[in-house]
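Listed after this line are the structures, all set down as structure tokens.
In what comes next, chain A is part of two complexes: it sits with chain B in the first one and with chain C in the second one.
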Partner chain A sequence: MGSYISISYLLLFLPIVAIVFSVVPKKIKPFVLLAASLVFIWTCSRFWIIYWIFTTLSVYLAALFVEKSKQKCKEALPSAEDREQKKAIKKQFARKQLCVVSLIIIANIGLLAVLRYSQFFVANFNIIVQKLGADFQVALPKFAACIGISFYTLQAVSYLHDVYKGKIAADHNLGRLALYMSFFPIIMEGPICRYSDTAERLWNCERIQFKDFTFGMQRIAFGILKKVVVADRLNVMVTSIFREYQYCDYDGGIIFLGAVLYTIELYMEFSGTIDVVIGSGEIFGVTIPENFRQPFFSKSITEFWQRWHITLGTWFKDYVFYPVTMSKPMKKLTKNARKKLGRNYGPMPASIFAFGCVWLCNGLWHGAGWEFIFFGFYHFVLISLGSLILPLSTALFKKWNFDRHKLPYRIFTIVRTAILVCIGEMFFNSRGLSEGFKMFKVLVTKFTFKSFFNGAIFTMGMDRFDYIVILAVIALVFAVGLMKEKGISPREWLAERHICVRWAVLFTMIMAIVIFGAYGTGYIPIDPIYANF
Partner chain B sequence: MKEKISRSTIKKIIASVLFVVFGIGLLGIASFCFTPERFHTDSVKDVKPYGVLAEPENTLDAVIFGDSEAFSAFSPVQMWQEHGFTSYVCSSASQYISLTESFVRQTLEHQKPKVIFLETNAIYRKMNTDNPTLAEAEKIFPVFQYHNLWKNLDPAGINENEDDYCWQDDLKGFKYIDIINPSRNPDYMKKTKAVKKVPGSNLTHVTNIYNLCKESGVELVLVSAPSTINWNYAKHNMMVKLSKQLGVKYIDLNVEKLGLNWNHDTCDRGDHVNYFGATKVSKFFGDYAAKTFSLPDRRKDSAYSDWNALKEKYDDVTARSKTK
Partner chain C sequence: MDRLIEILEDIQPDADYETCTTLIDDHILGSLQIISLVAEIEDEFDITIPTVEIKPENFNSAQSLMAMIERLEDEG
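On to the complex of A and B.
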């Protein structure tokens, strides 16, 4: 199973698990999900499931140690003679807990770093060595990793951190923790779940409800529509533009179109897969957190990242941004900065530094390459600039009596944000950072709409029929997004309609996938873009 | 209450069954509409391999099957102009060997070529469980196979004679690409004794293709198109071994002297040859095929006058290369 949007998952694995799940007694149900999840990981990773076992066992034991240590600390406190001694006892236990927690987190993040980034670091080391004139090169290491290692490692870190901070209790049930760490719909592409939101619900799953089943299936169908009809269809042209731009003398207009189409492809692929993931969870009565909230309705880059890959953003906020901002050196920096820069700008240096850490991690999380680090840096600069300019622009708008809530201005900010996002994705999808800059140079220096009018855009793997199909699905996704923005649940809305309307909508969607899906002869389905993270 | 619950359950079961039945019915209707004979148009990229079904019955002397390596390397029109035998390249990008088997089966229902060439790159394409499942589904509901023809759907053609395939590909399956993107590893065929194994059940499909050819009295030949990225000596060794096992001929164009210039004759750093490379490959391969299998020269045969008329169209398409 290389993808959730595959026959083997949708027509074999998922139905078998659902059937077994529905016939066994309630007590056995979580074990069915756990067994299915382990089979899923085994099918994708074989022997390398060992990495998952290591992570799960290590955080399980470390959390138990932390809990036991806290208990021992509580027991030892009454024997203390004064406050100083109490403080010393607390400090002694806290140090031990911190040591164990740090060790386990470093071991797991270190494992992730070795498996995913060692090639990148060695390749860069070799370049530096070569530049220095030395006559040796280190062979590039090759490691196989377990499926979803970047996702479950972050889940493991958040679980252990929350136990250490006392936000949640350590789980004594290894099965429950293992299910949280392995639940098959989320293991490959996320979302990154939190233990407190997911574990208990997964372990206490009820029998499949008809409504959950139909709603889950609808969500899955919508996800397939986005991925198979739009993302896979766009892939032909996007690949053509990004691979061949320098040999075909494309103008800036084509490069811009490529950046826009790649952004649409990425969104349709990733959000489509997440629809399948959430739909799969719904079938078993499990609510999986949303990872997208109409990101292209965002009016700023900050808002965009609150709507795009939401669970990754909140993870970085909780486990990188806050710990860095609240660290002693940063607190000191803020204190000093407040004296010199005032209350408004005082906290900014610490925040910007913490943001820098977040965006470095974000860039690296997306891939081992300078283009990904640049991708993180690009968004860091845009968000930081936005924060710096905001007080100034607010004052100016107030002075000019300009209403920022008016529709034309809102549309302008939405379009501006979308363009900035597309440019970032162009670097993200380029074949290396230097290629990204070359494309950007063509985009800026040779920009023209000529290719849009002379028919050139219809000769790069997509003809007018392809554009029509893609625009139709984008219009549907936009309409669904608009309903959600207005607080209407499209599926609840549909459920209230007459059965003929419901079936007409569903069969139109299914037949659109069958007929307009970009599969079979002449098409290469894109690999799940986030699956190897 | 109990009665109410059971009634609602029965209602749900009936609705679910009806939904499935209705869905199957729709797939059946779509399958009826989506068969190649319903379409007539200038062929487009996605439907090129189906063009082989549009060729008049028993008119092809040779058919080449495979993936993108095949459609970028072999030009049937050039081989016709130089040797006078008819051929077609029935290939598509990233074609799985299970699909190749399906194409061979369908082609042999309409054609009786003297020789079938199987380009070997597709033999190495790793299949997942989806490919055979989709192939089975395609047999029941052809819409899964032919759905990409929707762009060419002609409502007027629905009642036409089912055997009247009405569109043909002017390049006979060949894809014209004039991009020049030099290879970075022109010395890719380094001799080794290593043998690169064929993945999974792919050999079963090759054996099925061999059996299909044998049953139809058609000679099967394995052929490897030049590619500095996809081919190497370990794969060559495996194909030598496989050809001996099957008792078929094998020609590896990666080790033959074709005069390819990998700085000029490839469109994607050696992955595929471009038009310039294809011209050299087709010249060599045309000579080999015509001589080895004594393929007939039909250029003066009035029944094949359509093929002579292709020259003008071929020259139109390839005219752009003269400026490069």
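On to the complex of A and C.
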């Protein structure tokens, strides 16, 4: 089962689990989901499920230790004679808790780093050694990892951190924690869930409701439509541009088209898969958090990251950005900087430092390669520049009496943001950082629209029919996005229509998937881009 | 409460802090303003605001901020 958008998942695994889930008594239902999730992980990872077991057991036991230690601390406090002694007792227990929590978090992040990044670090170490003239090389390590290790590790860290900070209570029920850590629709590509939002709801699942079932099916159909009609169809041309550009002497216009099409492909693939994930959850009555909120309506890069891969962004905000900016040295820096730089620029030094940490982690999270680190750095620079310019541009617009809410200006900012995002994705999809820069050089120095008019764009794996099909689905996705932007739920809206309309829409979607899906000769379905994370 | 509103007005002047209950939801206070606000509140009220307290329900209005400050003062 390499993908959620596969026959084995959609026509075999999911229906079997749904049938078994609906026939067993309520008490057994969470165990059905847990067993199905473990089977899912086992099918994808076999023996390497051991890594998932390690992470789950380690955070489970560490959280129980923290809880017990807090309890012991409470019991010890009445024996204190004064406030100072109370503080000392609290500090003594807090230190123990911090030791255990840090050890477990380091062990789990360390495991993730070894499994995913050791090859990258060893390869770079070998390059440095070679440059220094030494005559030895370290063999590149090869490790197999468990499916979804980047996703469940972040969930595990957030759970343990929240228990340590007293935000949630430690879970004594290993089954409930294991289900939160393994729920099969989210294990492979996220979203990254929080224990406080998901665990209880998953464990107390009810019988399948008709509305949840139909909504879930609609969402799944919409996701498949995005993936197999748009993303898989675009994959031929995107691969052609990104892998053969140096042999085919493409001009900058084609490179730019490649960057735009890859960004659309990535969005359709990832958000389509997330639709299937959320739809699968809906069938079982579980609300999985949204991971996208019409990202291409963003008016700035900051806003884009509040709408794209939302759960990863909020994870980094809560567990990297705020802990860094709220650390004692950073708070001191903010206070001093506010006195010297004023209220607008005072918080900048601390926040730019924290942004740097966030975007280094974000880049590395996306992959072990310099192109991914650059991808993080690129967004770090854009967001930092945006923060630095904002007070100045706000003052200037006020002075000139310029209304930034006017439609032309809003469209300009949306297009500007989309172009910047596409350039970032070009580096993300390049074969190495140097290839990315070569493509960027062609884009800037050889930009022309010639290939758009001489028919060249119809010779790279997509003909006019492909363009029409893709544009039709993009128009549908845009219309759905526009409705959501206006606060209308497309599915609630559809649910209020006549039954004939509802079935016609569902039937049309299924027929579009069957007829226009990119299958067979000439098409290579994209591997789920986030599945090996 | 008056001192808190003074701090808020110093950090972000364009808002009615007496009545507004959507400071975070309406992006009146962004992450940069929150960083300044936490530093100023900690200084003024001699408390430490842990990162878990940085959530919309605590920062959406001057009233909810004041309630958080009083709670953290009580907890010592």
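What we mean here is this: the second predicted complex is superposed on the first by the 533 of 533 C-alpha atoms of A that agree within 3 Å, B and C clash if a C-alpha of one lies under 4 Å from a C-alpha of the other, contacts with A are read in each partner's own complex, and residues count from 1 in each chain.
Keep in mind that, in the parts below, contacts are C-beta pairs under 8 Å (C-beta built on N, C-alpha and C of every residue); 3 or more make two chains touch, one makes a residue touch a chain.
Nothing here was measured: the structure is a model prediction, and the numbers come from that model.
Trainee: I'd like to know which partner A:Ala350 touches here: chain B for first, chain C for second, both or neither.
Mentor: A:Ala350 contacts chain C only, not chain B.
Trainee: Which holds for A:Lys167: it touches chain B only (first), chain C only (second), both, or neither?
Mentor: Once the two structures are laid over each other on A, A:Lys167 reaches chain C alone.
Trainee: Which holds for A:Phe210: it touches chain B only (first), chain C only (second), both, or neither?
Mentor: The first partner, chain B, only.
Trainee: Is A:Ala475 touching the first partner chain B, the second partner chain C, both, or neither of them?
Mentor: Once the two structures are laid over each other on A, A:Ala475 reaches no partner at all.
Trainee: Applying the document's definition of touching, compare chain B and chain C: which contacts more of chain A?
Mentor: For chain A, the partner with the higher number of touched residues is B.
Trainee: Between chain B and chain C, whom does A:Pro323 touch in the aligned arrangement: first, second, both, or neither?
Mentor: Only chain C; A:Pro323 stays clear of chain B.
Trainee: Give one of first, second, both or neither to describe whether A:Thr334 is in contact with chain B, with chain C, with both, or with none.
Mentor: Touch status of A:Thr334: second partner only.
Trainee: Pick out the shared contact residues on chain A: the ones touching chain B in one complex and chain C in the other.
Mentor: Shared contact residues on chain A: none.
Trainee: Mind listing the chain C positions that touch chain A in their complex?
Mentor: By the definition above, chain C touches chain A via 10-11, 31-33, 35-36, 38-40, 42-43, 49-52, 54, 76.
Trainee: Please name which positions on chain A make contact with chain C in the complex.
Mentor: The touching residues are 83, 162, 165-167, 317-318, 321-323, 325-326, 331, 334-335, 338, 343, 346-348, 350-351, 387.
Trainee: Which bits of chain A are touching chain B when the two form their complex?
Mentor: 1-2, 6-8, 11-12, 210, 243-244, 247-248, 461, 463, 465, 499, 503, 507, 510-511, 514-517, 519-524
Trainee: Which residues, counting only chain B, touch chain A once they are in their complex?
Mentor: 12, 15, 19, 22-23, 26-27, 30, 34, 44-50, 92-95, 99, 128-130, 133-134, 143-145, 147-148, 150-151, 179-181, 267-268
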